[in-house]
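Take a look at the structures below.
You will see two complexes here that share chain A, one where it goes with chain B and one where it goes with chain C.
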Partner chain A sequence: MINDIHNNMQQSAKVIPISIAPHWETMIDNRVPGWLLSLIERLKGLKFVPVRKMQRLVFFLFLTTLVACKKEDLGNVDDIPGLGGDTWAATPIDTWIYDSLTVPLNIAVKYKWDQFELSLNKTLVPPKEEKIIPVLSAVKKVWIDTYIAEAGAVFMKRYCPKFFALAGSASWNTDGTITLGTAEGGRKVVLYVLNDFRTKDMTGFQPSDSFNIKQMFHTIEHEFGHILHQTVYYPVNFKTISVGLYTSNWNNVSDAAARRDGFVTAYAESAPDEDFVEMIAMMLTEGRSGFDAIVNSIPAGTSTNNITQAEAKSRLRKKEAIVVNYFKDTWSIDFYSLQTRVRAAVEQLIK
Partner chain B sequence: MQKITSYTNYLLLLVSLAGCKKFLEKSPDNRASLESPEQVAQLLGTAYPQGNYMAFCESISDNVADKNNNGGLDLEVLNPFFFKDVTTNEQDSPEGYWNSCYAAIAAANQALEICSNASDSASYASVKGEALICRAYAHFMLVTLFSKIYDPATSDNDPGIPYVTTPEKVIFKNYDRKTVAYTYSMIEKDLTAGLPLLDDKRYTVQRYHFTRAAAYAFAARFYLFKQEYDKVLAYTNLVFPQSSNVGATLRPWNTTYLTLTYRELYARYATVTEPANLLLVETASLWGRNYYNQRYGMNAAKRTEILNNNVTGGDYAFTRQTYTVGTDNYLLPKIDEYFVRLSVNATIGYPYVMIPLFTTEEVLFNRIEANIYLNNLNAAIADLNTYASTRIRFYDATTHNITAGKMETYYRTGDDRINALLTMLDFKRAEYVQEGMRWFDLLRYRMPVTHMTEPDKKTFTLDADDKRRVFQIPESARLSGLALNPR
Partner chain C sequence: MRKILSFTLLATIIISGCNKKDDDAFDQSPDERINETLAEYQSALVKAPYGWKGLIYPAGTKGGVFSFYFKFNDSNRVEMFSDFDSTSNVTPATSSYRLKALQQPSLLFDTYSYIHVLSDPDGSVNGGDYGSGLGSDFEFAIMDVGADTIKLTGRFNGSKAYLIKATQQEADDYYSKRYKTRVFANYNKILNYFKRVVVGSNQYQIKVNQVAHTITFTWVDGNGIVQTYTTGYYYTTDGIMLTPPFTDGNITISGFSNMTWNATTATLSFTVNSDAAYIYGLGTPINPDLGAPQRWWKYAVDREIYWVSENGFHVNGVDDAYGITRTPDYYYFIYWPEYGTYSGGNYDLAAPIKVINDTLRLQYGGAHRKPTFSNDGRVVFPYLGSLGAYPTAADSVAMTKTRIQLSESTGYYFVQTGNSTYDMVNAKDGKAWISWIFPQ
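Entry: the complex of A and B
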């Protein structure tokens, strides 16, 4: 049998262990009337019902369909609703996306519910409407604007993913991890956990929320890192720095333990490619002094994998050097300057 | 002027006829005829089954689970997972493997016919030896997968597979399955006749042929299945001569392999320069991509079950070369695809993988098993320790030493020999994960297999005596008068 060539460029994802994930709020909020609650609980048992604000809608649709069963006339079958895409009157969200992302960068954002853009085998919820502009404008400030300032608009227009799909909750995996974002083929990026996004300007901001914000930027820098190295590969000697320590058991390792082995996060232990983009993401979102603090936080002594403090530090520094040189040689970007801009933008949102 | 032209033409015609003479002396029949031992040896390059059993063997085994992701649903993986007959005959299917085995047997038989007709049989001796072993191997794999597993009590009655000893020269020839015992006796006959004839020096690349060591490894496997453990011991000892350093011939998992990037390990695993590979064969197969990106495969739970614990108390080096593609698609970089494009600009073509048929690890495992059955527990434990010393990260002979007491604490069966057997089977399962070898142990020990679907948690069980433990004989084989396996 003749086959297609195998494309090794798989979907890549940013994943963290569940133990790190913050506590998720209960799915039901006060806008749901009390009499519906018990029904919703029962509906949730059926598993296929998207929860939260669609619940009422689903319930009424359910009633409507029962009514509709009586009719025998199928109506005009040529007019299939939704064929050719949904249409709706533009809301301020749509206008904002069009003006800020679509016109300058040709980026489309799908925030309305369409599970076919996500994973069909996961229980997910759509993003809250009020989160969409804050998240996207933050992403624009932290990620797009900084790259444009360093590398120019043409660079960003060429390489930025052209399609964003948004989900409100995280994507829970069976192996004890959650997926925060995925990148596919350099074109599409899915961002999860939008509903936990809260900047310091928003009501109910708590210091612990800064974790979620950093996580969001970390995810997008991570995915964009994948796109960059999938376009031009990084120097292969990067892979030999931590060879023999990569493991699929990374989710049982804490970030602190990973750092003692010369990895910037536990997820960096999963594979060389992830290691590389985790370096990019951590260095950008933590800033240069933040990264130095991480390196200097490695305690004295030897790790369980026989890595000394000096060795762990030197490995992180070697990786840092390769990342910085890669940005300079391949993309003509001054990484440290980019780092300063990104960190400044992040700080504006959390401090 | 016209005359001159015609004379010239006549002259040219004569000259060209003279040129034809030599050309016409050759027979116009351009089919290959094999006239020297070298030519027969070349034919034997195809006497090894160029099909891959890994996909269906791994998928029916207890090494896989439903990942409930949007992974591939190839029938070669999907059907065995649900213990159903595979309804395709492409590469990686049981039927495809059946065909590749009989193709190999046909090549061996063709070679043997020439050997027996040759006047100077002495110069054909080593070729004949290789052909006999190849014929025995292909039949052995067929009888293992398509007939009931050998059992001294029932094999005289269980239907075997046709043992073909002559080239097939008619379009439809009828064959008789006879019995498993008969097939085994024929395999043994070919094996013992072929072994003394082999000559390793004849091969250009030894690892692609039955060298003495590879043939001894095959003999050890055969007698293990036949439950003649003294012979297993004898043949394994021929692969590892006395006083040789067995550990040095195994894959250097906890040393060199941990210094390789995953691409380097992919490139190294099934190469001729890896001393652990005793016999390699090139197969047309999709397993190089399917072993991790199908829906039914090694997920996190199976990874943990197979690779994260062992009796020594140390960590397997395997865990530091295990990766995921996306989430939950776990893999060890073992099976590397070689893609042959249909033409220079094509993006379609034929995928191949090189697979190890015999490795030194299997020889060691077989020696351990034989020693357990022959009541040489200390020798078995010594070999278990040799294996562990090449597989455990930061191996320390004092802390990671395997003893009868340590195995009892881990397995708690109350029987040292059973503990040692379980240790060996778990080591073997981890060593060959994603290579389909687990199925052969599940067959021999009649271990039941349970698969559960996700997310609806339906379970499917393959009992110890389930009829579906035998892969179905291809429908097309009925044309040769074969009865299918009962279902």
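Entry: the complex of A and C
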């Protein structure tokens, strides 16, 4: 997941990452009650039971008793409310989602309020209806169409998250930061702050709105980056570039200060995996010249961590090279070409 | 023998195990019953010929109330108005709703509309807190469905809400934009600190929270005891309704109707139970806190430090009217009792503190004699002379105006607003005040 600083708000907003827990695969199915686990283990060890004739008879009688006692009747289960998902009279929004996302890519979108898809302890509101198609079509243009153009439809169908949940407001954290997007298990992406989504074609667009738009795509590219590297890991020498500088204190660091240490954003300081996907997200949404501008904005002198200007620049360039090679070697994607397409699509919305 | 006994026992168990008697408490399955209930509620919502009036009491507002109008249709769409602001009161908005079996049958407003504005966690939308808004709800458990009233409870914050069947007249009032006047919104044009509502021979000091939709009444009862009562209000076509109504002895005020605004005298006139009544602003509280000025002054003397105001004087509706916060290097404005001595007596200092080279600094200030405390709860700050030199013309203008205001001869009332916070209100007309906080 990704959070980011929300410039417009009074509180200084910082990010708190959500990532997938380790040992995800070994999770125990919590539908099996604890007491049953030990019983199952015991039964596994039970190999030979001496049975006498009398015992066998009693045992079968006992079984019969159990069977005879089964009088549970589930009744009429043909129409359980809410089974198979909620239903409502379809609107043009539902038709659009079905035609544009569900049929071609098997993506479901939940835009109607369902607290269980979001967090249960946060104050949130559903999105405005007039924002849903603009947001989703922008997502399609900037993220889906560009990857399809570079890597093909099969790649996208296989790896894209299959479920989007939408919220109208940001998710406010107790420390005054806000969360702009989260992802779970490579399957589900939650996008927040839809109600502030304004492209240059909408009335009331202000240059500051482009921040929200870039953040939304930053979030999606960030999460999709996680899916890619969790499928095929990136070269481990990426981790050696900034070794020793990763810190949990990243939310007290500004982006500018992080760049002086050779990180593309402050959040990239949190862990190598985040560093890797922040590189992908920033390079794609800012474009090649935008990324160059970020690298060149690093001022002369040394940072508080004793990193020189030249060293910081070289670290960012090394990371860039690894990302580009990773896309080439692993996914046969020309990263710079993808970057050009994404940036062009983003600029269509904001310039 | 033992064998026979055990087989008999077994047989008994088996036979009794075969008892298939159906003794369900209901003759239908839970699913059938919940579907039936939801269908019943759905048809109740849709069938109201003129829609529903709604009252929502957001849990976060502590007594506030907002009025709504809803018209539900059969394809999950709802049209609504709300008295949140002048636009939402006259412009219908359409969004979606759904009845769903959560732990109880529930009514969900599941895409954004006026009802969600009160819950929006972005405080700039509704004036509430960042992260929680006004603590309202848009997902309700249906508690009770009566002939004309549906009782709801919010599932997240527990806000109470009611839907009341609307009459043709009530629906027509919304669609004909009869709510556009909202005369009571002129309340914030009354620039005096204290406001009173006068009903016949009774007077109540009122404080209106226009964000939370609450009114607090303060009055002195027959035994000389100060009473306060807070209630919610919502807009009507010609005034406001109070819910629950305000009661004092034999007077019950359930609303202000036929309201008009006089801009010249800054007075709201209306009727209460067909008696003429009005709201006006003034500089005198209904129950002056007689000891407050001395308490305030002594608090700082005892601790040998000063009171702080971040924003200077608010005058005639303008924050920092004298521009003290816009002077160069401004940090905050202070009042320091017994700051120094002059020709044998102590004097108090009123001055802005500046930040110069990362240090707090006094550049100039006004010296005042020890304040004169009067028995009616006022205090006057006689001017003694000036200290230091003004670095810029802006400093000179701002400080001179502030000093003249501070030494105003009617003096000031003090209102304690917290443990160590006070509002100091000019007794002349209540149109100038300054808020003091004690630096911790």
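For the reader, a short list of remarks on this structure follows.
The rule is short, and it goes like this: the second predicted complex is superposed on the first by the 266 of 351 C-alpha atoms of A that agree within 3 Å, B and C clash if a C-alpha of one lies under 4 Å from a C-alpha of the other, contacts with A are read in each partner's own complex, and residues count from 1 in each chain.
As a convention for this text, contacts are C-beta pairs under 8 Å (C-beta built on N, C-alpha and C of every residue); 3 or more make two chains touch, one makes a residue touch a chain.
Predicted model only: the values in this text are computed from it and were never measured.
Once chain A of one complex is fitted onto chain A of the other, the partner contacts of A:N296 are absent, as it touches neither chain B nor chain C. Of the two partner chains, chain C is the only one touched by A:W113; chain B is not. By the touch criterion stated above, A:Q206 is placed in contact with neither chain B nor chain C. Using the contact criterion defined above for the overlaid structures, shared-chain residue A:W88 touches chain C, although it does not reach chain B. Residues 10-11, 174, 176 of chain A contact both chain B in one complex and chain C in the other. Residues 67-70, 90-91, 258-263, 286, 288-289, 293, 299-301, 303, 308, 319-328, 330, 337, 339, 341-342, 347-351, 394, 454-455 of chain B touch chain A in their complex.
Residues 9-11, 61, 64-65, 68-69, 71, 73, 75-77, 79-82, 86, 88-89, 91, 111-115, 122-129, 168-172, 174, 176, 195 of chain A touch chain C in their complex.
Those residues of chain A lying in contact with chain B across their complex are 1-6, 10-13, 15, 119-121, 173-177, 179, 236, 239-240, 243-249, 270-272, 306.
Interface of chain C with chain A (complex): residues 10, 13-14, 17-20, 22, 29, 31-32, 34-35, 38, 74-77, 95-96, 98, 100-101, 108-112, 116, 119-122, 124, 130-133, 135, 138-139, 156.
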